[in-house]
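Letters A, B, C and D mark the chains in the order given here, with residues in each chain numbered from 1 onward.
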Amino acid sequence: MPEELLASFAVKRLSVLDEQGNIDEALMPTLSEAEIRRIYEAMVLARTFDERAMALQREGRLGTYPPILGQEAAQVGSALALTPADWVFPSFRETGVQLALGYPIHQLFQYWAGDERGQRTPEKLNIFPICVSVGTHIPHAVGAAMAARYQGDPVVAVAWFGDGATSKGDFHEGFNMAGVFRLPVVFICQNNQWAISVPLKAQSAAASLAQKAIAYGFDGIQVDGNDVFAVYRATIEALNKARSGGGPTFIECLTYRIGDHTTADDAGRYRSQDEVAAWRARDPILRLERYMAKKKFWNEEYGKEAKTRMTAVIDEAVQAMEALPPPLASEMFEHTGATLSPRLVGQLKEL
Amino acid sequence: MAQLNMVQAINLALLQEMERDKRIVILGEDVGRDGGVFRVTEGLQERFGAERVIDTPLSESAIVGAAIGMAAYGLRPVAEIQFMGFAYAAFDQLFTHAARLRSRSRGRFTCPLLVRTPYGGGIKAPELHEESGEAFFCHMPGINVVVPSGPYTAKGLLLAALRDPDPVLFLEPTRLYRLIREEVPEDDYTIPLGQARLVSEGKDVTVIAWGSMLERVMKAVGSRGAEVIDLLTLSPCDMETVLASVRKTGRAVIVHEAAKTGGFGAEIAATIAEEAILHLRAPILRVTAPDVTMPLSKLEDSYLPTVEQINRAIDEVMRY
Amino acid sequence: MPEELLASFAVKRLSVLDEQGNIDEALMPTLSEAEIRRIYEAMVLARTFDERAMALQREGRLGTYPPILGQEAAQVGSALALTPADWVFPSFRETGVQLALGYPIHQLFQYWAGDERGQRTPEKLNIFPICVSVGTHIPHAVGAAMAARYQGDPVVAVAWFGDGATSKGDFHEGFNMAGVFRLPVVFICQNNQWAISVPLKAQSAAASLAQKAIAYGFDGIQVDGNDVFAVYRATIEALNKARSGGGPTFIECLTYRIGDHTTADDAGRYRSQDEVAAWRARDPILRLERYMAKKKFWNEEYGKEAKTRMTAVIDEAVQAMEALPPPLASEMFEHTGATLSPRLVGQLKEL
Amino acid sequence: MAQLNMVQAINLALLQEMERDKRIVILGEDVGRDGGVFRVTEGLQERFGAERVIDTPLSESAIVGAAIGMAAYGLRPVAEIQFMGFAYAAFDQLFTHAARLRSRSRGRFTCPLLVRTPYGGGIKAPELHEESGEAFFCHMPGINVVVPSGPYTAKGLLLAALRDPDPVLFLEPTRLYRLIREEVPEDDYTIPLGQARLVSEGKDVTVIAWGSMLERVMKAVGSRGAEVIDLLTLSPCDMETVLASVRKTGRAVIVHEAAKTGGFGAEIAATIAEEAILHLRAPILRVTAPDVTMPLSKLEDSYLPTVEQINRAIDEVMRY
């Protein structure tokens, strides 16, 4: 009768690829050389986009932009595990996810240039508009998962968000509902350890973010977010589980925000260069290159060639973006509702 | 044709539309097994199953947030917020997301979401169970706000709202739930959103109201021959009907339950002052609750606009 | 490197007093016979108030009322562990807490009769107004704890709420902040297993509510909520820990709502009589009487005498409440702000 | 006396009042180490420590909710919401609790809480970083809403707000943060809440504005001799000053950044139509944003009211 054990829980950490490029054979997901090249090139594309976006912003050709530098593995590795039918709910720092899933590159530039037409996802993709209000898109993924199950579709809803988002009420309400209904949803936290100037330890007193899943009765796992194979493996497993009725999974990708929060931020005000340098050394692309080199399908030359190809793709997208005619004032009125009320018709005339 | 109260009329509309449209799913607190605390969803879970009439955890923000995801996916969710006082927790989801999804995605994703909630005072319920926050939601481009004033309008407006391609906040005046019985056609009829109803014709004064205040307005005007307008939809509001009437009568009195300052009556008065001022013979008066925190039941009758106050306002504008 | 254990957690359940009235000596809190009598009489008072409130409501002399029948141990046992300096944040079903802490009984009746003057807590008590909006008072307790620490006061803020409240965003945001700042706050969940018609398993997929504390990096414990000694012990320990800088504790009192949700509810629509009967048998007062009888300080006679005394106290409070003059309409205007704006002065005149 | 911009003026007011009143505590996202994303709280954490200038987790509802508990306990919290678009998540705490605590407890507990937030458009920032939701909060009895229009008014109003016994929502027009420099006295001065400022006298038309629109109104009226009123406090609003002016000029134009329908301009127009209509010579015009979802930066100039639109409205009322 006295003080008895009610329940006990374990939280695991998954890593497959170490910094020297060695893998744990037992945990290595089955990926062909071609598939690994595809992952690699998607990461290079993401970085190239990121570099270009930063440059364009400095030149005043883009608005405020949140760099993903350092998070390429956590984004590309998770995104490439999805099937085209799955639904995607990104935050504002998921460029790598959007690119890996084939979101039109010029539209991403267009959005960051302050033109909402960039947010119109092509019909064949199920990617929700970028969510700027931190964490508030999590319930949307939960609802999409409810709808998919109701329709009998083999679809999983996947939401990406940061460590700061785990402090929001909507994170909790969404996670709890996902647990109660055992929904086909996967939650992927890009734990880059900073929410603007607020470090992880000031965001949560928990030893890990993954353990937050315990509160909701489903699995949480931490993965090395700079290890693209670990991220890919954890995501595939979570998607399979979700598709087979096993319910939600929370994946914490422990990574790092190498850049400033956005082009409007100066991280030098609140964190040390050493910390940043230490994480730069853990570059997820470098790590993958080392593995591929060991396996003999990466060398300087291929690296350069891939970078050149991705640069050309980005160049083309920038040109496409800048060739777009500016939006007309009347477009503000177009999608507030399916139809214009008499008052809106009047306001449109007054323009 | 059956004599139904508003609870029965709404229940019937939900039942019939769910039969017609498999995409309609109901979610909320106690809407299933219990049939809703006012019994508005009674019998629907037995009829359509727990996958379609869903009892959720106690999470207003996620109820609306999940409904947004469902709507975008292709369903037509009907989310119930148990009382309007608890919809404030869903304000962010409603304004940041439901109202803007179509615009943000430039039409790629839409949000045919209906949020139902009992609203308004006069039932001697606990704190926060008698709120009239309609004005907050009328300042959100992208959200429609609808308020029935009886069983007949409730069914017709609800069927129209359930077929609208955009989010609708459907406010059900709690005081009317069982107060009025009306002939409600069994068959399918809709009352288009955005159209006010001319309840009675008159030539000297226009009285504008909605929801449960309409009943008090009718008591007040009695045989005075006032022109009474029941707005039915607050957003988008049928100002054309209001303006045409005021241009004819030259006098306007607006009645609502909510606190005066920043209430929706202000928008109506401002629109009249902008577009029909030359026809006005008298000040535009608003009969509303005072700008105080809504009291508990012992003082609620002193808080809500009364028939006498409405009469006093009409007498006053008639003095001009 | 492979899949390694990141962290593990255990959630305990505490019980001291069994249904036959036997205690676990090792865990029994040190309480004198007089103190136990005080606890007992406070529980009897709570039940007597509850019975009377139900009767008055049926007669139309009170408005909607939420009965606490069955939760007396979870409420009285936790409340009596507090010191007068501690701050109290109740939900709407904490009559036992308010009574145990000496809240004027006639004011409680007055509040439930629909008169907010009943919410004016006497100066000597730090009891917040009843929170009707579920869970939204949790951040208030967190803020009070921040303020107490800032002022250097040895004060603990204690919030009571139900199982349904654990699904609210404010529960999460408040708990997370309490963890991050290691605040002197104690969270007491009255897990009566129902949120109106929603059963616990439809509220959360977690094996216990106590384990939700793991998400916030502080301790959570489940106690037998019908065991007043376990509730008392857990609360004392949590308060001491908080006062000595040990941070927050989440106490889940597993109990049961014997009555309808409120006088406006009919629980027969959604739960079985057997379930209710089984919990009736676990009556917390009966259990304490059995213990006291074994220890020879309870017998039928004392039981009757105590009930009679408490009934007299309640009678007096009801008379006091009904002797109060009704509120004046002008009182609506009195406390909206410290002063009346010109517009409010005008509105007051129009009354 | 120094020439300061609004960021510096607010920072100075906070610094000085924190020196004077130990009960003042600042909390919010990035307000400490980083000094706030606009640097409004720069240097305050170094000066007063992390116990008094608190970086919180990313939780708007709990930032306001905890501040309510602090205020009730006896402190004077200053909660920063990083941008007004994120205050929607705190709507429930503000309206359900901050606004009502004094009333619900019949004066036993009060809520001397200041919520600061950057607000309004014109800075080409991302989505939700340029919201103008003031009208929502002007419909909440128990909450004061204050909007400075420059460095001088910012310091004086902030000091007054920090000494007010009730909750104050302090809206800082982001576009003005660094746009204007003014003489701002080093020493202690307050601008009382609830009093509008007559910016320029005129006889034919009254133009009413607040926050960043005042700057555009002044550009528009130039030497036209219009009477310009800067409301400064929206709730409680100094309608006496507005009415006195309109009774004199007979014409009113109201300018605000928020969407027209249900914006605070409606309350001003409605009050004029209720209390000064017989003095009006022309319709009451509102120059506002259209009733659409606020666009991203490329269209924000088309969304916000322009100097030309303000001039057009003045010309139009002058035609009567």
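Assume contacts are C-beta pairs under 8 Å (C-beta built on N, C-alpha and C of every residue); 3 or more make two chains touch, one makes a residue touch a chain.
All values reported here derive from a predicted model rather than from experimental measurement.
Where touching is counted per the definition, the chains common to chain A and chain B are C, D.
For the pair chain A and chain D, the distance between C-alpha centroids works out to 36 Å.
Look at where the CA atoms of chain B average out and do the same for chain D: the two points lie 30 Å apart. Chain A and chain C, compared by their mean Cα positions, are separated by 43 Å. Along chain A, residues 116, 133, 136, 167-170, 173, 176, 180, 202-204, 335-336, 341, 343-344 each make contact with two or more other chains.
Across the assembly, chain D contributes residues 56-57, 59, 61-62, 85, 89, 92, 96, 103-104, 127-128, 141-142, 237, 261, 291-293 that each touch 2 or more other chains. If the chains shown are joined wherever they touch, the resulting network links each chain directly to all the rest. Residues of chain B touching chain D in their complex: 85, 88-89, 91-92, 95-96, 99-100, 103-104, 127-128, 133, 135-136, 138-139, 141-142, 235, 237, 258-259, 261-275, 277-278, 280, 282-286, 291-293. Of all residues in chain B, only 25, 51-52, 54, 56-57, 59, 61-62, 64-75, 77, 92-93, 96-97, 101-110, 141-142, 144, 164-166, 194, 236-237, 239-240 touch chain A in the complex they form. By the touch criterion stated above, chain A contacts chain B in their complex at residues 87, 89, 116-117, 119-121, 123, 128-129, 133, 136-148, 150-151, 157, 169-170, 173-174, 176-177, 180, 334-338, 341-344. Put simply, chain C touches chain A in their complex at residues 1-16, 18, 24, 26-27, 166-173, 176, 179-180, 182, 202-208, 210-212, 214-218, 222.
Per the touch definition, chain A reaches chain D in the complex via residues 63-64, 92, 111, 113-116, 130, 132-136, 164-165, 167-169, 195-198, 202-204, 264-265, 269-270, 326-327, 329, 331-333, 335-336, 341, 343-344, 347-348, 351.
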